[in-house]
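Below is one structure. I have some questions about it.
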Amino acid sequence: MVIGRETMDNLLKIGNPKWKTSITKVETNRIITRGYPQEDLIGKISFPEMVYLLINGKLPSENESKMLEAVIVSFCDHGVTPPSTQAARLMASAGSQLNTCVSGGILAFGKHHAGALERSMKMFQEVIQRGVMGYLGPIESPEDLEEVAKVLVHELLNNNEKIPGFGHRYHEKDPRAPKLMELAQKYKCYGLHTQLAQAIQDALFDRKGINMNVDGANAGILSDLGFDWKIATGIFMVGRLPAMISHVYEEMTVESSFRKFFELEEIYYDGMKEINP
Amino acid sequence: MVIGRETMDNLLKIGNPKWKTSITKVETNRIITRGYPQEDLIGKISFPEMVYLLINGKLPSENESKMLEAVIVSFCDHGVTPPSTQAARLMASAGSQLNTCVSGGILAFGKHHAGALERSMKMFQEVIQRGVMGYLGPIESPEDLEEVAKVLVHELLNNNEKIPGFGHRYHEKDPRAPKLMELAQKYKCYGLHTQLAQAIQDALFDRKGINMNVDGANAGILSDLGFDWKIATGIFMVGRLPAMISHVYEEMTVESSFRKFFELEEIYYDGMKEINP
Amino acid sequence: MVIGRETMDNLLKIGNPKWKTSITKVETNRIITRGYPQEDLIGKISFPEMVYLLINGKLPSENESKMLEAVIVSFCDHGVTPPSTQAARLMASAGSQLNTCVSGGILAFGKHHAGALERSMKMFQEVIQRGVMGYLGPIESPEDLEEVAKVLVHELLNNNEKIPGFGHRYHEKDPRAPKLMELAQKYKCYGLHTQLAQAIQDALFDRKGINMNVDGANAGILSDLGFDWKIATGIFMVGRLPAMISHVYEEMTVESSFRKFFELEEIYYDGMKEINP
Amino acid sequence: MVIGRETMDNLLKIGNPKWKTSITKVETNRIITRGYPQEDLIGKISFPEMVYLLINGKLPSENESKMLEAVIVSFCDHGVTPPSTQAARLMASAGSQLNTCVSGGILAFGKHHAGALERSMKMFQEVIQRGVMGYLGPIESPEDLEEVAKVLVHELLNNNEKIPGFGHRYHEKDPRAPKLMELAQKYKCYGLHTQLAQAIQDALFDRKGINMNVDGANAGILSDLGFDWKIATGIFMVGRLPAMISHVYEEMTVESSFRKFFELEEIYYDGMKEINP
């Protein structure tokens, strides 16, 4: 093998390494994360502070840290109802390893499951930055919010679209949402996005009797904490991971392995269905 | 950034590239797999021949090719009963993409599901190479097989161990196994491993009325085709993948999205269970 | 625990099983796929016929079967250059199991990798059904294709968009594409979609000197074989899986485990980069 | 479809639900985790307390909570050096979604990567419960530990085995380990397992100059906190997840998409390698 001239040049050129990162610098006996030696962070900062530092690149204020802690705690678990948890436990029952099962569970965070947080944050951030459907410019004062929320709700309902972050298939009143909104005020994290969430809730409840869910509240809060909507599913995963692990562990240790989740009689062979209609 | 001296030396040293492979060589406008330009293989060799070529490094004989085709066809599908298929469909229902769902399904190929083929091939290959529990030397003639099988079955049953490749939780007589054994004779792939599978079946049926399943037959055949037991799950995946894709597509196009697979009443909260007993 | 009345009713109601499928019916000692007992398919139909049967619900003609075989063989491997193969080998080196590594590799089939086949099939199928940007109605005769292709290429180039299925980052002339187009004619699979692929190639080569790649050719062919573009990545996975397995096996058996793929000097710490700009 | 009699009976039988769990009970408008309504936990307990509660079924003491917080913070990141992070970024570059990339990264936690924590915890827990190789009975007093550690190190070195939790491929002195050991004393989490870790370190440093790493320290601490070694990789994942997310986000937002990580010249085609030797 001969290394090509161009490659050689590329390898030698400063500024053309294989990887670039601003997150953590590793040297022999030194690990520096976002500018801090890790041994100075361990035992000193909380886990939510580490989450904020890793993702946003700086340490949060005390209020921000407590707010974020409440958010990730609120994502903790929804029992065996989510397809992600069911999928992870199916894998555990089949004899897959812990990390494999957790990985599989995460793959079930699709458009309809866990995607609501992302869509809700995206909607809030776009509305605050650009207004609704061109009717209104950027939102700069709380006064605009009520009007914007009404227009938004009107448009979405007219188009028969679901409003992400509102309504829940198991709860009429998601008990986590009001608690989070209360904490948002306590920790002074009640900015435009969180206020928009509240305004939408008011408009939507008026028209359809639908309440805010955990995703809607957290979408407002996380946006006011400065998180990009593109990272939404990440924050959710951080909060949900411990329960996913716990469910896999429970399946592994409490249940008999490779149990039949369904009897043959529960599977219907629909032989007449046409394909590729 | 400065490239360290040692790294520089490593990079320049012939024989220390990032990757080494004997499978496919890629050059501009040329792709050579196991020595053959791909355009000479396309339209000329069958898919099973390509599988054999990629994994074993050479083209199979005509009989070997037909035998391998029967093996991968036999792994095609087991409806919605396997946890892998259920997991993949749960993900599809949650709105995940096709490749994500398939990937998730593959993660459910754990110790108890799909693992039987690997354990069966491992057992057959070890017995043929080393005999059973030191009682018997390497097996060299068909005459030894009956005796070896009896000893093996005796030992495993005495230790209350399952014999991988025999028995099936849905079938008393797996209809795929006898067909595969018949084809093994037709395609002259009835070597020591396949004969061992048959001898174990005879001994086991005698004592417990248990029959060979699709994994047991294929474990013998794939071993006689020269496949390492470490690749077993790979061959199974090749055979099962099309059905996994078809199931995900069916879930995506026929079912309503994010359907509830279980009602709350089907989930029992066992609050009294102690943890970490 | 008491089973709720509504659930009870649902469980009893015919037509409300947990799962419905038209793919495979499983009964004790009987496995029926798309209407055929599996023991009648094993040893009789080829693997590509099984792929077609599972996905499209019926057996293909002989020409269709041979065409599909060429397509999946053509997806076989591209050495260690794709991120999917690199990811799978990284996992193998870290000590993950075969199915885990393969699953991980499949997760790298993102928008930019393997996604081209899907986008290309979608584009071809939409153009044939609806014409281009409203300029032209549904394409019904080969005569329209040249004009449509020119309009399409013009529009996409004007919008600075890449045309999926054309151009390759390693090859000026992908050697697989002309071979596949030649076979499309041989196997009489040269319908409107494949002709559109050719017409786009002609228009694009004229303006930019860019050639069709393996995805472009297969996108036309698979569309003419009747495959929905939503299944595209599935067909690619079927073709690529054996090589993925072979690469993982090679990494496991030939390389030393947990090797360092990169030296510290190849990772640049870009501490000045601002986050969330 | 008719529901079989046996199934019907099973469905009606109290105590035979599809799922059982002791983790979280979900009812309309109520979500109870380990006995606590979630709205009472949000804003009140810390994230590490939630982790402990979910996995061990009860709330930790204040010291235990702070210790666990330090442990998960210490797993935060090791830059772009781990194969898990590299795999996740490869997928991000290929255009896969955030959850998909994170899931893929987790699949790289194989035997050699992240597995050290599990093996280390398993070793510590087995030694404390059963002694070493039958030489010594259960360890009940700190006095036995020095002797046990010497025997263990002697045995393992004689068998040319690596001692999981000691030595690091990038650090002679992992800066995280002494910090964690210091905190173990501060938070009174310096039980038999952590003392064993220290004793092994002393014996091993004496003979080979090898130091404890982050996994060795945390293996002792987590064992003293009451965590089963089977959950080890889970705790590691909880700590590492935020950085994985941050790396994927960085790759998505800072780097150009589908970049070439390797030039063709960095891939060596080793055509002479024999297969299945």
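Chains here go by letter, A, B, C and D, matching the order in which they are written, and residues are numbered from 1 within each.
Basically, contacts are C-beta pairs under 8 Å (C-beta built on N, C-alpha and C of every residue); 3 or more make two chains touch, one makes a residue touch a chain.
The structure displayed is predicted, hence computed values, not measured ones.
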item: Other chains in touch with both chain A and chain D; value: B, C
item: Result of counting contacting C-beta pairs for B-D and A-B, higher pair; value: A-B
item: Chain located farthest away, centre of chain B as origin (C-alpha); value: A
item: Numbering shared by both copies at the chain C-chain B contact, with half separating same from different; value: same
item: Distance from chain D to chain B - Cα centre to Cα centre, in angstrom; value: 29
item: Inter-centroid spacing, chain C versus chain B (mean Cα positions, whole Å); value: 23
item: Between chain B and chain A, distance of the C-alpha-averaged centres to the nearest whole Å; value: 36
item: Numbers and ranges of chain A residues touching at least 2 other chains; value: 1-3, 15, 17-22, 24-26, 28, 55, 79-81, 86, 97, 100, 103-104, 107, 109, 170, 228, 254, 261-262, 264-269, 273
item: Touching residues on chain D, where the partner in the complex is chain C; value: 1-3, 8, 11-12, 14-15, 17, 79-81, 83-84, 86-87, 90-97, 100-101, 103-104, 107-113, 115, 169-170, 254, 257-258, 260-262, 264, 267, 269, 273
item: Contact set on chain B toward chain C in their complex; value: 1-4, 6-7, 10, 18-26, 28-31, 33, 37-39, 41-43, 45-48, 50-51, 54-55, 66, 69-70, 72-74, 76-81, 86, 89, 97-100, 102-104, 106-107, 109, 114, 170-176, 178-180, 182-183, 186, 228, 230-231, 233-234, 237-239, 241-243, 245-250, 252-255, 261, 263-266, 268
item: Interface residues, chain A side, partner chain C - complex; value: 15, 17-22, 24-28, 32, 35, 55-58, 97, 100, 103, 107, 226, 228, 262, 264-276
